[in-house]
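Just below sit the structures, each encoded as structure tokens.
Next, two complexes with subunit A in common: one pairs it with subunit B, the other with subunit C.
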Partner chain A sequence: MESLPPMFKAASLTTEYLLQGSIMEQSRDVLLQRLIGLCDDTKSPPDNFHDHEMVFHMKNTTIQQPLVYRVRHSLVQSDCWSLRYLGNTEMGDKNKPTLTRTSIDCPVSENVVQYLNELGFRMDHEFVVKGYYFHKGRMKVTVSKFFKMNQPSNVADNLEAVCPSFLVELSVVTALGQEGVGEDMKNFAEQLKPLVQLEKTDHRKITMNQT
Partner chain B sequence: MIQRVQEIKNSIGAFLFKLENEYHTIQWPNVLDNFALLSGQLNTLGKLLKSEKVPAFQNCVLLPLLLSQDRDAELEKLTEGRVFAFNHAVVPDYLRTKPEPEVEERIQAVCNKATGMNAEMAQKQINAMNKLTSNILDIINSHRESMDSDASQKTSMSQTFSQTDTSNLIAATLTGKGLKTNRRPDIGQQPGTMPNQPQVQQKTQAAMGKAPSSIKTNIKSSSHPYQRN
Partner chain C sequence: KSKMATGAIPAAPAVNVCVEAVLESQIQEVRVVEKQEAQDGQEIQEIYAPPLSMSENLTKLAQKIDFYKDESGEKGKPTSEGEKEREEEKSVAAFQPSLWPWDSVRNKLKTAYTEMSVLLDVLNIAKEKRYMVLDSVQQSSPDAKLPLQLMSKKKALNSASAILLAGAERLKKSQAENSNKSDFHFELLKLRQNWRLKKSGNTILGDLSYRSVGSRYPHNSTFEVVKSTDLVGESGETTPTSTPRGSLEVIIPSELEGTAYIQVEVKSVPESLDLTGAILKMPSGLGAVHTYWQQKLEVAQNVLFCKEIFAQLAREAVQSKSSVPHLVVGNQIITNIFPGIQLSIVLCHSTGKEKDRKIPMSPGKLDHNHVLEHSLHQLLREVHNKNLRFPAPHPVTAMVGVSKKRRLAGPNALSRRELVEMTESDTMLNQIIKQTKHNVLRLRTLQTIDAFATSLNDPQLTTHWSCANNSLEASCRVFITSQGYDLRIWHSFVLMIGVDSIKIAHKDGRIFNLSFEEKELQDFILWQIAQHQTSVSQNLARMMGWQIMSMCAALGVSDLEDTGIASSLLLASPDHDRVLAVKSGPSSGVKVFVQSSQKDTNGKTQTLSADNKWQYIGADFKEVDLSKFEGKNFASKLELLMATLSRSVS
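Right, the complex of A and B next:
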């Protein structure tokens, strides 16, 4: 790998183009119907997922921001685990239709939690996410609801929805600099209006408002 | 006028080229655009021909003086290679002023039928036709009404999304806002280190002087397991 010229490395598919929005519970079915109509070979009811995500942090003495890894596993298929790193979200300038961030996702075995703990990562929080996913070409659409787990490591009972609305995400993971992707996504987002307003949401503002 | 014709020719050529070379990528809206362009150009040409300034072509007489089987270089150049010779094969096509005999026959048959019908029958048929059209009109109108009301309903439809919810959800996915619980120091978790970290973060944020009230409660909740320990 080291011997490869840099241009081959740059082509790795680690850039996620992202648009986000939300849909209220009572309008969810309308949105799902529309997505079934718009996306590639979808059936009714659409494909759904039910995942448990654990977010691991590692503190760093020099940088205030912790290093964050996310472990997600399906509660339907027990052997389906993945580890994900998400970079900082970049707004880009006005001409860029989407957010971009680094996204590295890899399948792992279920002892990844133990491994991360050994490395010095500590679990910051965990949650359960339920929802539906769609594909349209290389675009992926997820409609998901987040649940707080009132009892640690109990993914079945005592769940509490964080917010009655569903988060709608439209994303493509590909190589950096493929601006055509952004245009495609913008056009697709346009088709979901006025039901959902998929847009670039400044993550820095949200993180700051929270404090 | 020749320029107009030239334009139409060019756009037809471009469209054909597209159809032949990009038939697997071309999109339907694109095809429709091309059709719209062609029909617009044909319309302007039609208007031009109908306008009074242009002498009616009907009044011009064209007389084929000479038919020859030989290749005519001049003619070939004029027609851009489409017609090689002004011969017996092409003349009937190019100088046709009447419809083809078969077409003429069919028109004649229809005309005969129309004249052969008596007035009463005709009146009946006209009535039936009127009834039919008014029925269709009614259907279209009722459809339009229902569509209009649908549209107005859509605009008056309550908000289907909320900006605050979007922000909340994104915050939850990013930083776990609203997802953190009072966790027992249990399996695989080293007590102490875990609640420690948010505390550090919040202290620095408090020093920045932002929304102190929520921070206080957060510190309390996150330090619970610590005390119990």
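Right, the complex of A and C next:
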């Protein structure tokens, strides 16, 4: 029997390294031009994506924090659905240039919502994301805008932007313990420096402000 | 001290008068104190105020002066009267008492202060230039002394012009310096517009490679930019062929010097895999050494590209597990495509430093297949692209770098075989071999058909090649027609030429798969020609009213043909007294036989029975010599024959 092709033996990609920043609406074009210049294989206008994400919670009487699963599907290629689990973001110490969190992503078929409902998950909230996508090597850069859905499960009409600014995210999903990823990301973020400040933001502060 | 006058009111006696000096100081206090001499006596002591100091004295005196005595008000006389009275009044008024010793001084100071404030306000307003402006007072101009003025003006102009001329001189000199040779920095700017440069330490380094577009070739490709050391003294006349010289030079790595190209050659060798044929080819002179940096860099980049192509091909050739072995010798890769056809890919790199060439190469010997060379370049660019070009993931959180099919492999439950198929991709060497094979096959087919078309004139071959083709597929349609009868009956088939096989779709729907051998195609064409002749005969027979008694597309009797199979036709004339047999085979050609009948013998032979109907059975067939017939081709000859035979005897 022939040996398995190498792709079946790859390490599981469970860690996401993340840097986030934000720009105002009027600076979007300048940032996009800079990214077109810096990233690989770009075209003008850049690739854009349009996704709809639903966040499911499973509440447990014993544990306070609910289990959160995210179902995201593309509104451009409507047969691509994915199920994602994101752990808590860790700031790490001062040496670490990026945020890290566990990220397990799995492509699924279209009946995942029904499946999760059967398991006992309940949808907590949903939103629509629209934006532009770039990549450089294995780094992914997205410039996205979030929309609130005023009517549940209606992704086309009645969308209202949550806020007029764009979220800029630089992320790498790779196996645990990879060296040098943070450095590469930091160097790339330096090149975007005057236009957008990509830094590690403490998510705990955001969640604390919400509660 | 004063002594009081002790005398009471005197009646008669004399009064004592005390004379004493005028008291200079005033009496401040009178006390009764004990007398110092007597025991019970008391004395009145007077304490005088301390004598006034100078300033106090002055104050006292100044107090007495009245500065602003209104004399006219005092006396009541009008002021227009004489000055004498004024003086009197002044002297009288001088002693007017005032309220406070310094009052007049204060008033004077106050007025002085008021005047100063006014002056300050005036100056402020004048400074603002809005309500008041200070203007110079026209002064009477002094008498102009014309000669003196002229002299002074002339001197001033001279000095000014001297300064201007000196400046212009300097500018001209620097301009002249710069126009002779172009500035290093200007050239550097132009270089930066075309190439990636980086400053490390004191040196400026650049990158020649294709790494930014996806190449992963680990070859040294940094070049260094330096100032040109030789002066441009001999610029002189620049001939049109000479390259422009700059003040900037680039130093490229030694392995990339010179020029290179990939030469692809397809040739037929009598024996398979001739090892002695693998000579190290040295190309002929490839052009002068370039001085201008742009050409130098471009040529070096081309060298790098060709080296990468060859390295990739050589690596694949060594690692391939195909049945046909590939031979890699020095700068040449040789492989057999078809038996007897060899493909050789050579990396020709001349560094331009060879003084004498040991192997003299005549220019005509280099046989380039430019199409395949271009394909090699395209293939490498394709490899680069695949390294870099990832489709965008939808949704955007999916894995970067995988295609949509791979991402949906899980949900769609693709089998292992399908997954393995997705990962397989053809190597560059395989791709170029496939292209070469198709190229060779197509050319051979073309030559075969053209050979038939030019040599045959009885049925005529026409070919139409399709313009929708690619490097691995081509197709053409072949028509077989007889001249003069081409609108009545024709045969056609479509040839679809693949990488190493040909598929033929016949007009009647049959599909034939041929291999790459030339002979198979030739046999097929001959067979089709034979079939065509039979069809023509059939068509003619119908047209002329002859009865087709039997038609056999594949004749099982008679001599075996060399290739293919013969077909036959049996025709009966309209008045049923003549029978023709037509047999056409690929190698035997077309033969017509006519059955002998009673009419030929003119009734000389005796028959056993008198009935007419017995005349038509069992007679021999005799071959007709078609070469003695009039007619351009077989069809017209057959028509003539049939016309002759069907002449009915009235």
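Heads up, the rule we're going with is that the second predicted complex is superposed on the first by the 200 of 211 C-alpha atoms of A that agree within 3 Å, B and C clash if a C-alpha of one lies under 4 Å from a C-alpha of the other, contacts with A are read in each partner's own complex, and residues count from 1 in each chain.
Heads up, the rule we're going with is that a residue touches a chain if its C-beta (ideal position, glycine included) is under 8 Å from a C-beta of that chain, and two chains touch if they have at least 3 such contacts.
For clarity, every value in this text was computed on a predicted model and none was experimentally measured.
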Overlay on subunit A: subunit C relative to subunit B, clash or fit: clash
Which of subunit B and subunit C A:Ile36 touches, first, second, both or neither: neither
Chain touching more of subunit A, residue-wise (subunit B, subunit C): B
Which superposed partner A:Val155 touches (first subunit B, second subunit C, both, neither): neither
Which superposed partner A:Asp79 touches (first subunit B, second subunit C, both, neither): second
Partner chain(s) touched by A:Met91 [first = subunit B, second = subunit C, both, neither]: neither
Touched partner set for A:Asp124, first subunit B, second subunit C, both or neither: first
Contacts of A:Ile104 with subunit B and subunit C, given as first, second, both or neither: neither
From 61-69, 97-105, 169-177 or 403-411, the subunit C stretch with C-alpha clashes against subunit B: 169-177
Intersection of the subunit A residues that touch subunit B with those that touch subunit C: none
Complex contacts: residues of subunit B adjacent to subunit A: 159-163, 165-181, 183-184, 186-190, 193-194, 197-198, 200-202, 204-205, 208, 210-211, 215
Interface residues, subunit A side, partner subunit C - complex: 5, 7, 13, 40-41, 47, 49, 51, 53, 72-74, 76-77, 79-82, 84, 105-109, 129, 131, 133, 135, 138, 140, 142, 144, 173
Touch list for subunit C against partner subunit A, complex: 388-390, 392-401, 404, 407-408, 410-412, 419-420, 423
Of subunit A, residues touching subunit B in the complex: 20-24, 27, 30-31, 55, 57, 59, 64, 66, 113-114, 117, 122-127, 146, 148-153, 162-165, 167, 194-197, 201, 203, 206-211
